[in-house]
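The two complexes that follow have chain A in common; it is paired with chain B in the first and with chain C in the second.
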Partner chain A sequence: MLSILVETMGLLCSKKQHLSEADAEENAQVDNSALAAEIERRIAQETKAEKHIQKLLLLGAGESGKSTIFKQIKLLFQTGFDEAELKSYIPVIHANVYQTIKILHDGSKEFAQNDENSSKYVLSAENKDIGEKLSEIGGRLDHPRLTKELAQDIETLWKDAAIQETYARGNELQVPDCAHYFMENLQRLSDVNYVPTKEDVLYARVRTTGVVEIQFSPVGGNKKSGEVYRLFDVGGQRNERRKWIHLFEGVTAVIFCAAISEYDQMLFEDENKNRMMETKELFDWVLKQQCFEKTSFMLFLNKFDIFEKKVLKVPLNVCEWFKDYQPVSTGKQEIEHAYEFVKKKFEELYFQSTAPDRVDRVFKIYRTTALDQKLVKKTFKLVDETLRRRNLFEAGLL
Partner chain B sequence: MSVAELKKRHIAATATVNALREQLKQKRILLLDTDVAGYARSQGRTPVSFGPTDLVCCRTLQGHTGKVYSLDWTSEKNRIVSASQDGRLIVWNSLTSQKTHAIKLPCAWVMTCAFSPNGQSVACGGLDSICSIFNLNSPNDKDGNLTVSRMLSGHKGYVSSCQYVPDEDTHLITSSGDQTCILWDVTTAQRLSVFGGEFPSGHTADVLSVSINGSNSKMFVSGSCDATARLWDTRIASRAVRTFHGHEGDVSTVKFFPDGYRFGTGSDDGTCRLFDMRTGHQLQVYHQQHDGEVPLVTSIAFSISGRLLFVGYSNGDCYVWDTLMAKVVLNLGSLQNSHEGRITCLGLSADGSALCTGSWDRNLKIWAFGGHRKVI
Partner chain C sequence: MASCALQGGCPSDYIALAVSAIAMIVLLARSTLPFVVHKIPCTKGSGFWLLIIQIFASFDLLFSMVMGINILKIKKRHWWQSCYIWAVWFEGPFGFALLLSCRIVQAFQLYHIFAKRRLPPIRSYILLPLILLPWIAGAAFIHVKKPLNPRCHLRGQWIIPVVCLHALYIVAMVFMTWSVQHIKFRFHEFKDLLQGVIVSAASIGLWVVAYIMNEIHENTEWLQVASRFLLLVTASILVLAFFSLSISQPLLSQMSLRRREPREIGTMSMALGIPDSGLLLPRGPTPEIDPNEPLDKLLLNKRFRQSFMAFADSCLAGESVHFYEEVHELGKIPMDDTVRRVYMARHIIENYIVAGAAMEVNISHRTRQEILGTPDLAHPDLFNNAISELMQLMKTNLGKDYWSSTFFMKFKEESRSQTDSNELMERVIGWDISPRLSSVHGADDPFGQEPPSKGHRRQCDSHNSDSW
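== the complex of A and B ==
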């Protein structure tokens, strides 16, 4: 009721303005000057206050780990997630569980139809009904809460040999990286009083829409530094980047996330496109953008934990960009060798895509595993140091 | 049917559609024996004469600390709202150049703004995928900022453009990077209709611009990265009334012609085109040869009679085209006091006597018809 009253009053006031428009404008000349001056003062004040905030832009292909880095920063340098925020992730986590098992179930059917060794992808008879039921649930827009019963069904299906075989070929489907983690924790996730842990939240996969931002100040180390950062994740825009990328001209640095474990996977948006090639093209494109002429680039070679497990089993040369790769040894040495090879490829790409007049732009590469909090903290400290040094350099103090 | 078979049939069907489309295109080319300029010349018409003193920059609006992306005039009084990369909306009095409002937006990445028909509210949208409405008469909060009065959320991509339905303060249409346009009821924040999306006759790429027909507000046209413009009837959301092909790049801007039977488009292919709403024909192409990189068309507006077409380009030029003769009669970019960067937006005041341009150089400029020059 009050709102209607207030709104009507507002309308009445403006009506008055219309009637004695001419008079009001003349009399208001003086008032308007004061108002305009006040506005300009406020703008100047706000601009000054924001000057020392360093803007960082997270870019990268879908599922490269941008949102995970974002969550880590929140956990490390802000107050983290309170219980309400943790609980708000429950529907997301449950949705991830349903989506995962659906992808695996439907995938096993597809393989059973098309593959010569089809029999190993055929579900055992007693699990067929459960499979169909879970596939239907997984396809809905709204999912039911994960009950102990449903969790039991999912676990049974997950343990079916056909599903495990399908999971082994997960790179050909769109099986999310959180699959294994959630499947191994079904009992806990379906508990009636389940409150997600920080780790659960880090694994939770939701397609971000729009843009999210977070402001933080890395304390510790040199507390006097007073650096304030504002981090933006624009990951959710699945559209033409060229239409909005220029909004970010003037950011201090671009943090580009590349999931190096994806060299044998296809895009969600286009199953014929290799993810690593997509990342390569995107990185190349971003480097060439005029709006980033003077912007520092921090390249995060992410998902190293998955990379080190995969690289010994799946050779790098399945990806066209890495086709000249030659393994030299085995075990840990080989993993390091493979990593250095990939790193070198990105370095070459950087220098190829950087015009001669931009070579003094800062460019640093970091090996990351977004899920590893200690590593992200360490990495970020290095990023912070680099940017502070750059600031001093630009201010002529170095 | 297996997935592989479905994929094959899909490819075949797409090929058939493309072949039919090509046939239609050829048929249209056969039917188009002349264009507007050709016909006008045959009738002995001559270009409008325009000298450098006929349109002068009479105001420069300074205050934004970032690139200007969008502007809109009120429908009666001489006020302008502008949106900038600095995360602000500023409302200006165009006669005095004074600012009457400065709104610090919750999401700085704004791409579009619009005045409501009664001039009391402004709408804006951007990367947050939300269209936010601010009531200019609301009291400021303790930081001196206006709070959002409505948030229209539902788009799954950036909001590229928004326009209130003429004379309807409660309805507004947005276009988005999610390939759809939406008609909103502002009071309830509900989506009344979604144009495109799952339905086959929608845009197949980001929608960049909308323009509502001033003579028949049930019709609007949208321009998209799929190089087409589409005409929609707000009463029929399931399919576009017609799709207009011809451009060879993103259609970044669309504007209805004053009489409501035609509309203009501007594109990344460097050209503007005039389309006939009813027949679907491309009536005219507005294109000037360039050496080197072709500047992109970023924004267009028709003069009050439609005889002039104002076009803003990515290289800072702003051509005044004679729409009838398809000749450039003036380049505002070459005049004194012109912008020093890309022109991103432009618009004509309600009475057609002034043009406002916005640019990446952070300024807005107002151009008025000078001296004895009649407003056309």
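== the complex of A and C ==
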């Protein structure tokens, strides 16, 4: 009925607003003619420049590493973070610490109630009060600054056997990946004159909502010689995905981030769904989009550092998609074998979801660890090269 | 005239056909016009689907009557013109019973939401087939036994169980209506329920009387023609009387289709009569906004909130601020006014919390399940966890960028002097840029930037989700 009509309308690509037209109309009302002329000049400049701007989208499920890649690009190709910006991350890092310890504490209480071996999740008597206090702080809207005493309390609680046992089962809770890193560096974080390092900022977890963009050029700041890229970062949770459709028009390349270490974890927004299965379905959905007929796809198999450690302890076949996995050896060989298996699964998925008329679009897979600056720089150089080559091909020069 | 009583095609038959066609058109108009005119997001919840099923059932009922009681002069040659398909299946389970079952499900939901103050425990897509089961069983039984005569009438002893089945459903409706009679509804829900009960009971009564008369005075032509006419006309009236927008879409039922209303009711808080909702009253000089204050204190200031909301909408992150605003409005309703609190809470849950909602917010699974499984919809702390999660989200994502955006500049200018604000607004109007997003592409942008005085207008969104 009406809903079907509107749905089909919604499925079509969004039309680009004609910037110059709309603004020119509004500017007709402005009495100051010099101002109007200046605005028109700027709009004309932007519209001309926009034709040479390549649009990149960072897509992926929640917590797959999109915003970390975004931060890395900012660090690599823009002016980087100055001290004020670094300091602005202090409340975020402290919030991460409080939230982590709260999740672990509440998790240990839950396990103590529901599990048969409940005794190993019960906190020692002297840490119970600390635990309750920290849990209460973590639940507040405004977190206090991390002082030395609070850091000491958190460290005591972190070292408690029950909390460590809970952390070992962290995949059943929503423990952020930065947990271990921040817990190990508590003394430094609680220093009065603490200024976050670049690494701290990269580890800091901020759930993205809405859309953010930056414009950069991989070859210095000179816009004339190098390509100009406009990179968009989005939220990955299910409710954020309805906003993606507004960005789908005219995309040069999609950088799809898939966290391969998350094969035993559940979604933040739906604890009954496995994260790897969600990534699989999401990737399938993105590949089938009308707007991406000619778009290049760069698949970043992210969080390899966590994958390395996890795959030796937790077998891949806990995830339904990987249930036909057979481990062959141990150590480094096993890690490589497991990685190749996952990569092959994604390749198979790509070719399954791609219609025959789209097979000539570019598809590359990269192994990444978004926290590693050198690796991201190298990876992005490869991406840049691939896109440039494709541009020349499209222009008929190759 | 002699043969038209048996074969159909009498003038009165055509009049009845015209009446039912008009009824169907009016029904379709009443159901689709509000959506088209106001462009409200059709939250594809169970309310929406029940409405569609009702319209489908109404159409079935009328069409099956036309086919089944020989209104039109059609020679019965094809198997699909068989009496059993139309008079038994389409008129019964897929027509009348479906209408009544939809209404029973709606009443059931109202009872749970308002009397017990919880969300209904059984999803409607399970409940509806369950309620329909007796009819389907009965129809299958009749189909097997085949007691209908060539004129599609039931023989004597079969009529009693059929009437009992009809009466059972009417009794169920009466019972459900009685269970909510003590609640002070604000949008004519009770009146609509009562109307449905009375009209359907009257229709059943009329049909029984017509049947008995036909059985007593068999082969009286004028009686047959008259009872055919009566059947179709009462079915048309029934279908129209059953349609109720206020039960499933209360906000839409309040919005007038005439565009000349001076104060358009655009939001649920306005419809509920919450003081000062949605209005930006020109007050005295507003206090200076201090960027160092925490965001939750700043958001209590209405003008700041509107400015921040516009900024968030431009970054496609607006739903969190809208949610905050609606929960703030909910907080204005006094504690003992549970009916209004429940209306507002239901509105917020349907629009912001349910998976796949039009403006679904970014909250954790646990928080969502707590809200959906709450034992008390009128509880003051229902949305506290969600608010704190979203406040964290707003602070970390939008907190910094807002201060350097043109929205804040506009806000400062406005609060500085009221008289100069119009001039400055015009000058700055072309510069709605923010450091986060240079432009939003898309005609179907749900976060369209509207001036705060209008009701927020959105368009239907498309997304894959479970709609129940």
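Just so it is clear, the second predicted complex is superposed on the first by the 338 of 398 C-alpha atoms of A that agree within 3 Å, B and C clash if a C-alpha of one lies under 4 Å from a C-alpha of the other, contacts with A are read in each partner's own complex, and residues count from 1 in each chain.
The working rule: a contact is a pair of C-beta atoms (placed from the backbone, for glycine too) under 8 Å apart; a residue touches a chain by one contact, two chains touch by 3 or more.
Quick caveat: nothing in here was measured; it's all calculated off a predicted structure.
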Inset, instruction - Could you say whether A:Phe268 touches chain B, chain C, both of them, or neither, answering first, second, both or neither? - result: second
Legend entry - Most chain A residues touched (candidates chain B, chain C): C
Inset, instruction - Figure out whether A:Leu247 sits in contact with chain B (first) or chain C (second), or with both, or with neither. - result: both
Inset, instruction - Considering only the touch criterion stated at the top, classify A:Ser33 as touching first (chain B), second (chain C), both, or neither. - result: first
Inset, instruction - Could you tell me if A:Asn239 is touching chain B, chain C, both of them or neither one (first, second, both, neither)? - result: both
Legend entry - First, second, both or neither for A:Glu336, with chain B first and chain C second: neither
Legend entry - First (chain B), second (chain C), both or neither touched by A:Asp284: neither
Inset, instruction - Identify the overlap between the chain B-contacting and the chain C-contacting residues of chain A. - result: 10, 14, 29, 32, 35, 39, 209-211, 213, 237-240, 243, 246-247, 249
Legend entry - Residues of chain A that touch chain B when the two form their complex: 10, 13-14, 21, 29, 32-33, 35-36, 38-40, 42-43, 46-47, 110, 113-114, 209-211, 213, 234, 236-240, 243-244, 246-247, 249-250
Legend entry - chain A contact footprint on chain B (complex, rising order): 2-4, 63, 65-67, 69, 77, 85-86, 88, 90, 93, 96, 98-102, 104, 107, 109, 111, 118, 120, 126-130, 135, 137-138, 144, 156-158, 160, 177-179, 205-206, 208, 225, 250
Legend entry - Residue ranges of chain A touching chain C (in the complex, touch as defined): 1-3, 6-7, 9-11, 14-17, 19, 23, 26-27, 29-30, 32, 35, 39, 88, 91-92, 95, 139-142, 174, 206-213, 235, 237-243, 245-247, 249, 267-272
Legend entry - Sites on chain C touched by chain A in the complex: 32, 35-36, 42, 44, 48, 52, 294, 296, 312, 315-320, 355, 357, 360-366, 368, 388, 391-398, 400, 426-427, 429-431, 436-446, 459-463
